[in-house]
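Reading through the structure tokens given below for one structure.
Order of writing sets the chain letters: A, B, C and D. Residues in each chain are counted from 1.
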Amino acid sequence: MLKGFSVPLTPQGESALAGSPPWHYSSDCIAIEYWTDPDAVAALLPPGLAPDEGSQGRAFFWFLDWQFTGSNDELTDPARYQYREAFVLVEAVHGGQPVNYCPYIFVDNDAAMARGWAQGYPKKLGSVFQTRSFSAPSPAAAPLSVGSRFGASLAAHGERLATARLQLKETVADPRTVFNRPTTMRRYFPQLAADRQGLPAVDELTLSLTDDLRIVDVWAGSAELRIPEVQGEDMHRLAPRRVGRGYRFGMAYSVTDLRILNDDARRR
Amino acid sequence: MLKGFSVPLTPQGESALAGSPPWHYSSDCIAIEYWTDPDAVAALLPPGLAPDEGSQGRAFFWFLDWQFTGSNDELTDPARYQYREAFVLVEAVHGGQPVNYCPYIFVDNDAAMARGWAQGYPKKLGSVFQTRSFSAPSPAAAPLSVGSRFGASLAAHGERLATARLQLKETVADPRTVFNRPTTMRRYFPQLAADRQGLPAVDELTLSLTDDLRIVDVWAGSAELRIPEVQGEDMHRLAPRRVGRGYRFGMAYSVTDLRILNDDARRR
Amino acid sequence: MLKGFSVPLTPQGESALAGSPPWHYSSDCIAIEYWTDPDAVAALLPPGLAPDEGSQGRAFFWFLDWQFTGSNDELTDPARYQYREAFVLVEAVHGGQPVNYCPYIFVDNDAAMARGWAQGYPKKLGSVFQTRSFSAPSPAAAPLSVGSRFGASLAAHGERLATARLQLKETVADPRTVFNRPTTMRRYFPQLAADRQGLPAVDELTLSLTDDLRIVDVWAGSAELRIPEVQGEDMHRLAPRRVGRGYRFGMAYSVTDLRILNDDARRR
Amino acid sequence: MLKGFSVPLTPQGESALAGSPPWHYSSDCIAIEYWTDPDAVAALLPPGLAPDEGSQGRAFFWFLDWQFTGSNDELTDPARYQYREAFVLVEAVHGGQPVNYCPYIFVDNDAAMARGWAQGYPKKLGSVFQTRSFSAPSPAAAPLSVGSRFGASLAAHGERLATARLQLKETVADPRTVFNRPTTMRRYFPQLAADRQGLPAVDELTLSLTDDLRIVDVWAGSAELRIPEVQGEDMHRLAPRRVGRGYRFGMAYSVTDLRILNDDARRR
């Protein structure tokens, strides 16, 4: 009997990149609101999603320092289960409802990649950093207080893909005024057999389900964001035309389930 | 129209981890023949494969320095497309035919991971090194000649998973005397929807198809291999009981297709 | 006019690994008290230090997540200036005064290596991780509270050099009851000219000077520590015979100066 | 008795980043000839070197895949001793003699950094890649033959610092027609004691001594080179105004000694 939520499957189940849910996460987050070319957003949407005409290209660029645990104290093995992530969320409409959609996402950990692919996040490897807040007072501490400055960056294969800056101005009492759309993804697994290469084995529009979502210590302030053009990457087509506010906060949730939005598409 | 063999799919198709085949590969390889616990091999085999009773636990541990290219001169972007790999091949039988099966494989590159998952290789991230042969004469050159010594290693998340040593003794005229079994894999993609977590979306036994296979400059010699026990990994259950010969050679092939061996299983 | 505290010196001074002090630091720390072979400690001490007979091999193994800044908002460039570190401090005596001495230290950042070498820390590259405390409540958050569990690890070149575990039990009101010895180092820079290879250009016993030292949020609890034997490293000779308590805390200080303890040795 | 050419010094001498010479090296190299701003070159020269008026800003940008060994079969531990490097050599004059000078150099290995600093190479950490030539024929093999294309890149902290392309055209019979200047460096180690921060402990002009130098399999061809402006690095001031030929070759030598050119400066 072979065990594992993901490959590799083994009799003991220790080697699997991902074990069975629940998956628990807590993170520090920097998210930058911005507006990009609405046509570039529309061109990235998968079947089932339509452009959000009211959004005018609104998007968020996120940087996250994550800690993961399953049911076996994985958080005490940080070399394996702590990781960093960066992604873009663009605004769209599904069945009349406003949603976010994730076209680009980068992590520095293979377990995160395996769990993400199972959800529909198109994860690639990247190197992600964000300024952290430390408790011991110092010019290096970046406390959560008015005027504190934060930076964040994403690189892959030695190319800088995004750089952000944020200066804290004020707390945000209710994070739902900022983060209020559910997130959709495209769960996709191709076929390599020569006669089926145009027919993915899995191609589903999915909706992220987050149990026990907590967003805490939300600060807002002025922000900068750059997404430079890099050979071999298309993300710069979502570069900012205008940058809004930046946010810094803590976020936690658990994952035990996934909603398939176009269930009829599951068995083409 | 979104493009890409793998995610992420984009209008331009530059961001996809993997573009459409053909995929061309050339490598330097170190492979160590060894015998492990036959029961440990049997316990890892997926449905459709049976233990090879004559093998008595025979396996090969491989280390590879790869260069990849598609159709767009990817080999001139080595930061993105050059990579290193290590894997185990165990011997088994499929429909009466002797085959190899790959239960564990590690790479240091996300494009290689995406292509591998599409084939059925259960790739995880690792750090892989092998001694190289350089053309400029020096005590550091490790030439392909009698007495040259090579080392190789695999690590993941800061744990050493395998270490090998090899000393060249003689050339091998016909590599088919050593490498003569086709390789099978388990192509597997799970479901996360709560009511289907035990039902993988894709679960196929596959056969690797390699066009224009070339194996050159084959040397054999004495070898050592260690696969230590590491927390969070099951591979040590395939640790060597006895080590055979080691091989050092060049190998190239192209991939354009994949054979699904249990096609009826494709749509459970 | 070329600028830079360290190499490379340039007209603009941007490229230097280290700029001129002050250097400001804030960190999260895990430190494990333990006892090792007193003879192994004595054998590592440089000229000018004597074994502390009362210590019976007492040492601390530290893991640190650091944020650095100089005078130019370096903390907003975390890809360059955030780093992780692990080191051993052994107890010794200098001129009758109890001190710590640092024989082994690892970081994952070249600027930290350059500043460290200038102080006398014998830094090598390593991969360091520690469980972090996140503010958003979750099984993954590891809060600073009774029963929370933390892990930490150090690896170099794909070998695990140290692994620690800590479970919080209680706060420590006065950190000076635990951390009360100044730290000494050996500042050392060799010569390569053939006739002087046994005569280092710099060989000084130094004392770390930390301005504005702050140690906050100190928790203590039960601990585990392993320092396995690894080929090519001598640190395992300081492996624990007995492990004491573990500590988790925040620490900050600034560096502007260094004391040379054996000033007569500075110009051999 | 503590052992080691470099820190850390230990009774056994295994932990030292660098053991005593001889140090043996063999490599694959890509070097791009180019011309930059002569004033930018002049501004980087240390005391003792003068601009080479005839050079008009001539420089070479090198990428190297290195294998190192000392006297203990270090080449069989490639995870520790194989490394990659990139550097610039600018042309200058010392005492009337034409020389090269190395203002910028990057490696991905700490032992290489320690040996380099002892010689005067101002090494920082970087991520370096070059297309390799493999023996097994394939579109991915990049053989040493007319028309083969190579790429190379240097990145640090997630920023691309240099990108090169090369297409082979012809062999070069005598490499001395291309590589014929000795290389000088600035060996430099600062002081941190507050009253001596402007007075380096070591500040020497040095000359690289290479025993048993071998340059083999030299090919020349057309080349491209880009050195983009990156925040926190000054190297872009040596960006190319014009690019000459590119070279691909093997190189080996051993290091046992170093010449100090301004010996009077050694004991300021």
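Keep this in mind: a residue touches a chain if its C-beta (ideal position, glycine included) is under 8 Å from a C-beta of that chain, and two chains touch if they have at least 3 such contacts.
If you want to know which protein each chain is, UniProt gives these names: A, B, C, D = Acetoacetate decarboxylase.
Keep in mind that this is a model prediction, so the values were computed, not measured.
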item	value
Mutual neighbours - chains that touch subunit A (Acetoacetate decarboxylase) and subunit C (Acetoacetate decarboxylase) alike	B, D
Chain whose Cα centroid lies at the greatest distance from that of subunit A (Acetoacetate decarboxylase)	D
Same-site or different-site touching of subunit B (Acetoacetate decarboxylase) by its copy subunit C (Acetoacetate decarboxylase), using the half cut	same
Inter-chain centre distance, subunit B (Acetoacetate decarboxylase) versus subunit C (Acetoacetate decarboxylase) - centres from mean C-alpha coordinates, in Å	40
Subunit A (Acetoacetate decarboxylase) and subunit B (Acetoacetate decarboxylase), separation of their C-alpha mean positions in angstrom	30
In subunit D (Acetoacetate decarboxylase), residues with contacts to at least two other chains	77, 79, 127, 129, 153, 155, 157-159
Topology of the chain contact graph, where touching chains are joined (line, ring, star, complete, other)	complete
Contacting residues of subunit A (Acetoacetate decarboxylase) [partner subunit B (Acetoacetate decarboxylase), same complex]	2, 5-15, 17-18, 20-21, 43-44, 46, 77, 79-80, 103-105, 109-110, 113, 117-119, 122-125, 157-159, 186, 188-194, 197, 201-202, 231-235, 237, 255-260, 266-267
In the complex, subunit D (Acetoacetate decarboxylase) residues that touch subunit B (Acetoacetate decarboxylase)	24-28, 65, 67-69, 73, 75-79, 82, 127, 129-132, 134-142, 149-153, 155, 165, 212, 214-217, 250-254
Interface residues, subunit A (Acetoacetate decarboxylase) side, partner subunit D (Acetoacetate decarboxylase) - complex	127, 129, 153-155, 157-160, 230
